[in-house]
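Both complexes below contain chain A, partnered by chain B and then by chain C.
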Partner chain A sequence: MDNASVVVSRPAIRWGAVSRSLRGGLKGGEYPWALAFVLPYAAVFLAFVAYPVVYGLWMGSETSLYRELFDDPIYQKSVVNTVLYLAFGVNVKMFLALLLSGFFMRPGWWVKALLLVFVLPWAVPQISTFISIHWMLNGEWGFLNNVLFKLFHIEGPSWLNERWMALSAVIVSHIWKWTPFWTLILLAGRMAIPMEIRDSARVDGATGVRGFVHITVPLLANLYLICTLLSTIFLLGDFNAVNFVSGGGPANTTHVLATLGIRNAFEIAQPRLGVAAVMSALPLVIPLVIVLMRKLRTAEVQL
Partner chain B sequence: MSTIVADARLSSRAVARAHSSVRLRRYLSHAGTVVLALALVVWTLVPIYNMVLISLEPEGDVFTDHIWPRVVSVESFWGVLTQGHWYLEHFWHQFANSLYIGLMVTFFALLFGSLTSFSIGRMRIRHGWLVSNAALLTYVIPASFLAIPFYRIMQNYGLANNPWSVIAALVAFATPYAIFVFQEYGRSIPIEVDESARIDGASPPQIYLKIYLPLMAPALVAVGTYALLLAWNEYLYQFLLLSSKESMTVPVALAQFLSSDQSPWNYMMATAIIYAAPPVAIYYAFRRRMTAGLTVGGVKG
Partner chain C sequence: MAYLSRRSVLRGSLALAAAHPFAGPHIARAAATTASMWFSQGFVQDEDLSLRKAVVDYEKASGNKIELSITPFAPNRQKIIAALTSGVVPDIMGSDPAEILQIYAWQDRWVDVSDVVETQRAQFSDTALQSAQAYNSVTKKRGTYGVPLRAAVVPCHIWRPLVEKAGLKVEDIPKTWDAYFDFFKKVQDNLRKQGERKVYGLGFQVTANGVDPYNLFMAFLVGYGGQDIVTKDGKLHLDDPKVKQAAIKAAAYLGGAYRDGYVPPSAINWNDADDNNAYHAKLMVMDVDGTLSTEVAVKEKHPDWYFKDMVTHGIGYPNDNAGKPVPSIVGLTTGLIPKGAKNVTVAKEFLRHFIQPKVIGEFIELGLGRWLPVMPSLAKSPFWQDPKDPHLRGYIQQGLLGPTIPDHYVFNPAMAEVRNQHVFSMPMIEVAREGTKPEAAVEKAFKRIEEIFAKYKIA
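Let's look at the complex of A and B:
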């Protein structure tokens, strides 16, 4: 796979960087050009990222907002939902991805064919699939209950009419949608483990579970950690799974902070309360952003 | 003598038993693999099968309890393509809106991303790390968290229902990824190439156009597909900023079906499939490139 070579060829790249820092770079009259080339993106960043961030901080700066927010039972439920969504959504998905990436390392054409099918949830747009899942879980006419009834004569429940079942449906949908993506990333990481290491480990008797514990886990640990952190922050901002699978219902019991913010701002027309809901995630977002920026800036997943 | 023979026979039996246990274990692990593979296929395909099943049903048949298509009908697909339902009056217009936004986002993300990475990575502009950090910060801030202030700002500028408000937001979120991938990929191109061009008297724009861009072609393709799919699949900003039937994009129109549980589900699923077809085709066509790019940008920054 192409991506594997990217990671393996790292030492050569580092040398390139060293030699470049000694030579090359800007010559006298070229500074205006360099500046002109950076300017468009800098303008986009200032106008459409930095300005909204500042505007949002200003909108959510009144402390009285937070008193109102914390007293709202819908908000309290949303915080619990967000924590559960993060805990199960991220960890179950990443662990499955870790195991499945090992499975897809097997040789054989049918494993490759299976991988092509397996990545389908990632290739199909979110809206299409989440709408399909929403209707599939309908209590009266949904596909799931039809199957349960036809095959096992079980009357399935109305899956989305009860808080915990609806929340579980959201979490499972998220796992369904995003496990393929992280499997591919971890698969690339595994491919990048040099053959010699795996072979010599096998000669020394580290196969199966022992190979996994002593070879794969230590070598993939850093990549796995970065993926987990990234996936945490992506999931925190995830709007679509909740919005389309459960819609925040029944009776606003399955909102997460991202969807509650939009609901407060646009359904009950209190934009400041919406911003406050989102801002209340900052104690989690800021440390995550700092750690991730550090990890990603050094820009190497060391193997 | 006889004991030795007995020993030999014993050991050969032990060997045979060991063989059969190895064979048994291999057989079991084979069976396990097959079961796992089947489970994976079912797990992966159920929501997609559901989508296809309903889209193939004639209108009114949706509220039944079968799990195989009874009568295969392409009525709903035909209905979408000919805009034959009042939910779908503007389907092709909305399709064009989605395409327009996708192409514009792709173009600007590629343009701004390549210019920035050229300036930082090749020309090594002073304080380039500031721009890299801004990009990195954008990459790790959840876009949905900025939706409310962004909407307010666009309202203030009078850009509601204007596709350029969505294009601006999506370019801002897609360009950081472009910058990472270009920087990373650019490291594999020796700086001597630029230097010899410079000695020959080429100006920075000439180096950018005639040397940098052609050499970056694979990365441009990877980032281009990423940006196109990002724009095509994005929902929240398009939903908030484009509310009129004329300015709406396909995902927003699709979500409108959900406003009532009595909506024509077969038309909705047919729309969902038609909407999903281009990205799936693009994904499978550019699969190799995309995963390569994702590893670089998605994990390593």
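Let's look at the complex of A and C:
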């Protein structure tokens, strides 16, 4: 058979339909106006979101960087620290926030007044707060050890001299700073639970712990999970608590990936290595974001 | 009569925007006389005012404009590295931190400024001229990429009242290295006998944060005779027994003093500001810390501290254990012009103006003397020789007129990485905290140094 005789019939492209589809069903003069409104956002998105992300990926794309990074004992410690920081920092904080949000649901003017005081740590500026904590924990002239000596004649330790104590100080500082914020979010979630459900449960005898277990927990579960995921993502990028409380010390033993990235990029003047340190958290960040997105979609049916 | 419509306004605006570059040639001419400059913020406000004055004087004299941006030290460092990474650079940068000159010269990122330095070559100290140079791994040559502006060395700061409270005298402090530092252990012992619970003899930064621990270790390394760790040809000499012994002695003394309880326990995690704060809180009798910022910071608020209680150089910098003078390591701030700068001509012209002895001398003196000049002739000024000032004459003697050497990263940028990775902090900390033998701790550090130097081969 002659090749030339084979005719492949293609469906005719209907350019008019394609053009209408690209124009999103807009007609006449509507299209330029729609473009005029969208273009600034698209330009900002490309310049400040897409470009930095792609540039970062490009900077951290050499495999030799990761070889150098994984060989670095400071990096290995930083990964362990990051995992501990996330595990304790997020979960202790969120659990406390859950309990405290229940307390702040109680009626009474003094509870409202206490709530006002309680949110203060969250409201004050981060950096000065963490620097103050760093000074308070100083072994010789810090506030904490002076109080211990004056009240109990105890010589307190140098809180930031040992890896686990310094890391604990960082975690506690983070919990202290951010618990009020998440308490407010969960409090709002609790307040959104319709009173009818609570009243019916109370009639059925579900009060106190039973009410908490059978009404509050199921209805808040989705919100709690979303808050936990968000908090994990925020905490992965947290630089301030570690940098200003322990400074990554002693002897570079309390760095997390975020502070190590800055150290590598600017102290050692190797920006690509710094980007690689941050990029190495992506295998954790991407699944978290995917789960979060899915949860947000399903959250429509629940609180 | 023509009416304005939406289309006509849009058309007119676009036409105006397109014609703008041609319609405004005077603006283009103005840009040709403008250079941008980044510099670190001073420790005291007077430093910034002195820089602004130098810039304004230049603008008046030349008709050019300098767009000056003053940023705190740490953000400025980040700004510089980000600019060099992205390629969007200013016309002039101050080399803060100093080693940025050598790190990026290696990558051929600076404009050669030997023609600018040449205009005052006879005025500069040898150490300043050497420190303004760096090895370029692209051209395989050393070149002058920095214009020397100011310098710093590491002096010792002593509280006279604490020494006297211990029943001793500042004038009795021995002149040789070990005896000099041992004296402060005795001060602490005497103070403890009097019930002083929290005063320590020595403010050693046995930490792995900031620039202080490297400066401290290197001061001791040189004090013990290990200054040839890197020679002028950029070669590393860890196999030199003199260097090795000096490093072991430095780790042993610094870590040992901590272990023996003569250094504040929190020093193991100090940052650069912590030792200054601890010294001002009279937590320790003496501190080894760069520049006179410790004194200058309190001059206005506590003149009695500055003029009576704080001692820096009444007794001089200690000699080595054999009684020979120990050279001080100079950290040099230079003016740099990055490749890609838009206005190299004005940048060079400004730097030529700035390093005239009268101009640069005034810039440093208005900054209260925290920084040292880099021209020996400037040391004769009434400011530096003021008999009423207890610090300035001694400081300029130590850092400009006395024996000085460039920092070792000048000879090989690998040493800048050693400094920034805090490689020398580890032997100090391991001896101090874990009681590791100094020999073993130094051996480990030397191995790491060799790995770093392997990346920087100098032909």
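Annotations
The rule we apply is simple: the second predicted complex is superposed on the first by the 270 of 303 C-alpha atoms of A that agree within 3 Å, B and C clash if a C-alpha of one lies under 4 Å from a C-alpha of the other, contacts with A are read in each partner's own complex, and residues count from 1 in each chain.
Throughout what follows, a residue touches a chain if its C-beta (ideal position, glycine included) is under 8 Å from a C-beta of that chain, and two chains touch if they have at least 3 such contacts.
Quick caveat, the model's predicted, so the values are computed rather than measured.
Upon superposition of the two complexes on chain A, a steric clash is found between chain B and chain C.
By the document's definition of touching, both partners, chain B and chain C, reach A:141.
By the touch criterion defined above, A:208 lies against neither chain B nor chain C after alignment on the C-alpha atoms of chain A. Counted by residues of chain A touched, the larger count belongs to B, out of chain B and chain C.
Of the two partner chains, neither chain B nor chain C is touched by A:283. By the document's definition of touching, neither partner reaches A:73: not chain B, not chain C.
Of the two partner chains placed by the overlay, only chain B lies in contact with A:240; chain C stays clear of it. Once the two complexes are laid over each other on the shared chain, residue contacts for A:252 go to chain C alone; chain B is not touched. In the superposition on chain A, A:166 makes contact with chain C only, not with chain B.
Contacts of A:265 after superposition: both chain B and chain C are touched.
Judged by the document's definition of touching, chain A residues 59, 135, 138, 140-141, 247, 265-266, 271 lie at the interface with chain B and also at the interface with chain C.
Looking at the complex, you find that chain A touches chain B at residues 1-3, 6-7, 9, 13, 16-17, 19-20, 23-27, 30-31, 33-35, 37-38, 40-42, 44-45, 47-53, 55-56, 59, 100, 103, 106, 110, 114, 116-129, 131-136, 138, 140-141, 143, 146-147, 149-150, 176, 180-181, 184-185, 188-189, 223, 226-227, 230, 233-234, 236-240, 244, 247, 258, 261-262, 265-266, 271, 274-275, 278, 281, 285, 288-289, 292-293, 295-297, 299-301. Against chain A, in their complex, chain B makes its touches with residues 33, 36-37, 40-41, 43-51, 53-54, 62-67, 111-113, 115-116, 118-120, 122-126, 128, 131-153, 168-169, 171-172, 175, 179, 184, 187-188, 190-191, 194-195, 198, 203-205, 208, 232-233, 235-236, 240, 251, 254-255, 257-258, 261, 265, 268-269, 272-273, 275-276, 279-280, 283-284, 287-289, 291-292, 294-296, 298-301.
Remark: chain A residues 59, 135, 138-141, 158, 160-161, 166, 246-252, 265-269, 271 touch chain C in the complex. For chain C in complex with chain A, the residues that touch the partner chain are 74, 77-78, 81-82, 85, 100, 103, 198, 200, 207-209, 264-266, 268-269, 271, 274, 277-278, 281, 283, 416-417, 420-422, 425-426, 429, 433.
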